[in-house]
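Two complexes follow with subunit A in common, the first pairing it with subunit B and the second with subunit C.
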Partner chain A sequence: MSDVFFTRAGQLAARKVADEVVILRAHDSSLYVLNPVASAVWEAADGRTSLDAVVRDVICHEFDVDPETARRDASELLASLVAEGLLRTSDQPMAPADPGAPGGHPA
Partner chain B sequence: MQALATVVVDVGDVPVALSTGDPALAAVLQRRFHRFLTPSAAPAFHFDISVIPDGDDTGDRDEDLQVRAEGGLWRLRRGDFRAEWDPETRRGWIHQRLSPYAADSVLRIVHTLLLSRARGFLLHASSVVRNGRAFLFTGPSGVGKTTIARLAPDDAVVLTDEISYVRQVGGRYMAYGTPFAGELSDSGEPVSAPVAAVFGLAWAADPSHERLAEGAAVQMLMRNILFFAADPALTADLLETACDFADAVPAFRLAFAPDARVWATIQ
Partner chain C sequence: MSALMQHVWDRALEARVPLSVQFDLTYRCNERCVHCYLDHDDHGEMTTAEVKGVLDQLAGAGTLFVVFSGGELLLRKDLFEILGYARTLGFDIRLKTNAILLGEREADRLRDLGIRSVQVSIYSHRPEIHDGITKVPGSLQRSLAAIRFLRSRGLHVVIANVLMRQNAGDYPHVRALAGELGVECTIDPTITPKMDGDTSILNLRVSEPQLLRVYTDKSLLGHDANEPPPLIEEEMLDAAPCSAGHSACYISPYGDVFPCVQFPLPTGNLRAQRFGDVWHQSPQMNEVRAIRMRDLPTCSTCSFMTTCTRCPGLAYMEGNMKGPSSADCEKSTVRARAMAAEKDIA
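Our next item is the complex of A and B:
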């Protein structure tokens, strides 16, 4: 499977509360609360870090899960976050999120 | 238009002047906001209101609310009104049907826009002051906001049974009375107090309450805060305020039956 890079979509406000990231979408006020694993993926979404790297260096490191399961679950999680319009993906590294843009608001 | 009457409605220490040449509307506004009129206050904002004639059936009366920022102006429209507001000049106009609801809605929207930049928000919640401390009770319609306000002891002051006004002042969150009424069909009292706690309501045979973690508190707040503007900067400000409030003010889930004994658990 080829690797994938991902970054935060625009028009989002996000804050980390305890170990969960809370995201508020501007155009329809939709609210999302990410669990700790999804929060780790969100925090790593800088457009330059690949999903494989996040699985290896963050998920397997911080959570009690084997690499194969972690890769499969992370792929499904990424797909759902993309489907919700919270993340964008590419098969190439992307420009880092602009911290001044709403979508790049630090969590 | 020659203004025949101006009422100044002060909510949260922000006086807003409403001027109209229509005597019937002036009377409606004075009744609606009677506890919050401050004729001597210098208004922070000013709206001129004109009335849509009775026979004018243009427009869709069921049109949903739209709030848009265009060219530095806020434009608001709904089936029963059109409004425009310039936050720089602090002036605007409302063209509305003869009812108290349109001006009431415009005031709510204007206050949500102002509060989002002032560490504050309007919350679907009743609020009650007891012993100098404000308690907020939030949740969707039918969950008991009005009921718990009605059950409050005689020494309590009801700030509102429907829409609570919260703003940070001097490093602490204050709740202010509002004229925005729910089932009581009467406004709250124009007083304020520091917020001691916020409760998310649920029905249960026996009263109980449990402390919410900060993340759950933020979720509860965000689901009940009034917010109309699809504006990224204001959205970020609002989320930051909700998180700061959840950090500063304890939040609980309160299950209760319609019985005054519930107030023994609220400290």
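Our next item is the complex of A and C:
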């Protein structure tokens, strides 16, 4: 399976509150609260760290889960965050996200 | 508030995170609203670099929501630089402005920055009333033009309609105007003393009959608004009176930190102290934070406690942060009269 790189989409506000990442989308005020595993994926979303690296160095390291399960769950999580417009993916490393970058905002 | 948003606020309160901060960037203003509580002279606003430094500290402290207000924000020539910097730090940003300096170019920039909401003060649909309150001829027309610019770019706009004696009857028309513009409208009868303690502007507060009209206006009230107040339960007495000092605070253009914009208790200054030190260690902030509903000698036994909108800051300005706020006592009394009138009709 080829590796994937991921970064945060534009027009989002986000902050870690206690152990949960809270994300707010500007144009429709949609609110997301990520659980600790999803928060770890979000915090690693710098466009340069691959999903495999996050699974190996963060999820398997910080949570009690085997690598195969972690990889499968992380892929599903990534797909859902992409579907919600919170993350973008690429098969190549990308530039880090700019929270104020235009994108996804109705003209 | 959604259950999810309530969850976020609860977590912030437990962890003592300053989740929401109102940050006034200037007290200068191009309007002279008759009810304004501010001194509009510039006594040494923070520089661009100082503001950015404060934003860095807020991001580190866990603040997500920043409301930039004033004074009039657009009088700061570095406003868009500050907003852009704040967005790179991941803040959710809302603005409060009179918008009379906001043209198409500014609206484009706010859209591109991902500003979530812009609140514009509109006092009346009648120019002579609105402009009479702002003391700026043509201000209603200019504010409405700005709202149209913002809406045409998909930005969320909220009209803030502050009620006073001279405009109290106009709110249905302002709400209709908001509907035509496709924007939200909030109505608020709160007039606060000036920050220096001067209470002369309180005579602008709506009269009891005017307030009664608001509380009996079915188009404004939720379906449970006229239900009897729930009984006081033990756990309610353990609750904090409001978020001020717990998960929210206010920063002035001079770096002064207060529990809330309506709670002018000085707790520290960011030109001399780090935000985290003020937030966590200020004796004044900790005094506010220690108060629970059961500590309020009058309010904790009041039959209106569970529905009252008591503001600790207004109580503080009346001389006792643990005391009642007379304006909110009046609101509760009038609300009860509205309920009684409703029952008589039924």
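What we mean here is this: the second predicted complex is superposed on the first by the 97 of 107 C-alpha atoms of A that agree within 3 Å, B and C clash if a C-alpha of one lies under 4 Å from a C-alpha of the other, contacts with A are read in each partner's own complex, and residues count from 1 in each chain.
FYI, a contact is a pair of C-beta atoms (placed from the backbone, for glycine too) under 8 Å apart; a residue touches a chain by one contact, two chains touch by 3 or more.
Here the structure is a predicted model, which means the values were calculated and not measured.
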item	value
Residue contacts on subunit A - larger count, subunit B or subunit C	C
Partner chain(s) touched by A:L24 [first = subunit B, second = subunit C, both, neither]	both
Touched partner set for A:V33, first subunit B, second subunit C, both or neither	both
Partner chain in contact with A:R15 - subunit B first, subunit C second, else both or neither	both
Contacts on subunit A seen with subunit B and repeated with subunit C across the two complexes	10-15, 17-18, 20, 22, 24, 26-27, 29, 31, 33, 102, 105
Subunit A to subunit B touching residues, read off their complex	10-15, 17-18, 20, 22, 24-29, 31, 33, 102, 105
For the subunit C and subunit A complex, residues of the former touching the latter	2, 4-5, 7-8, 11-12, 14-15, 17, 19, 59, 62-64, 84, 87-93, 111-117, 153-154, 156
In the complex, subunit A residues that touch subunit C	10-18, 20, 22, 24, 26-27, 29, 31, 33, 98-102, 105-107
Residues of subunit B defined as touching subunit A within the complex	213-215, 218-219, 222-223, 227, 230-236, 238-240, 243, 246
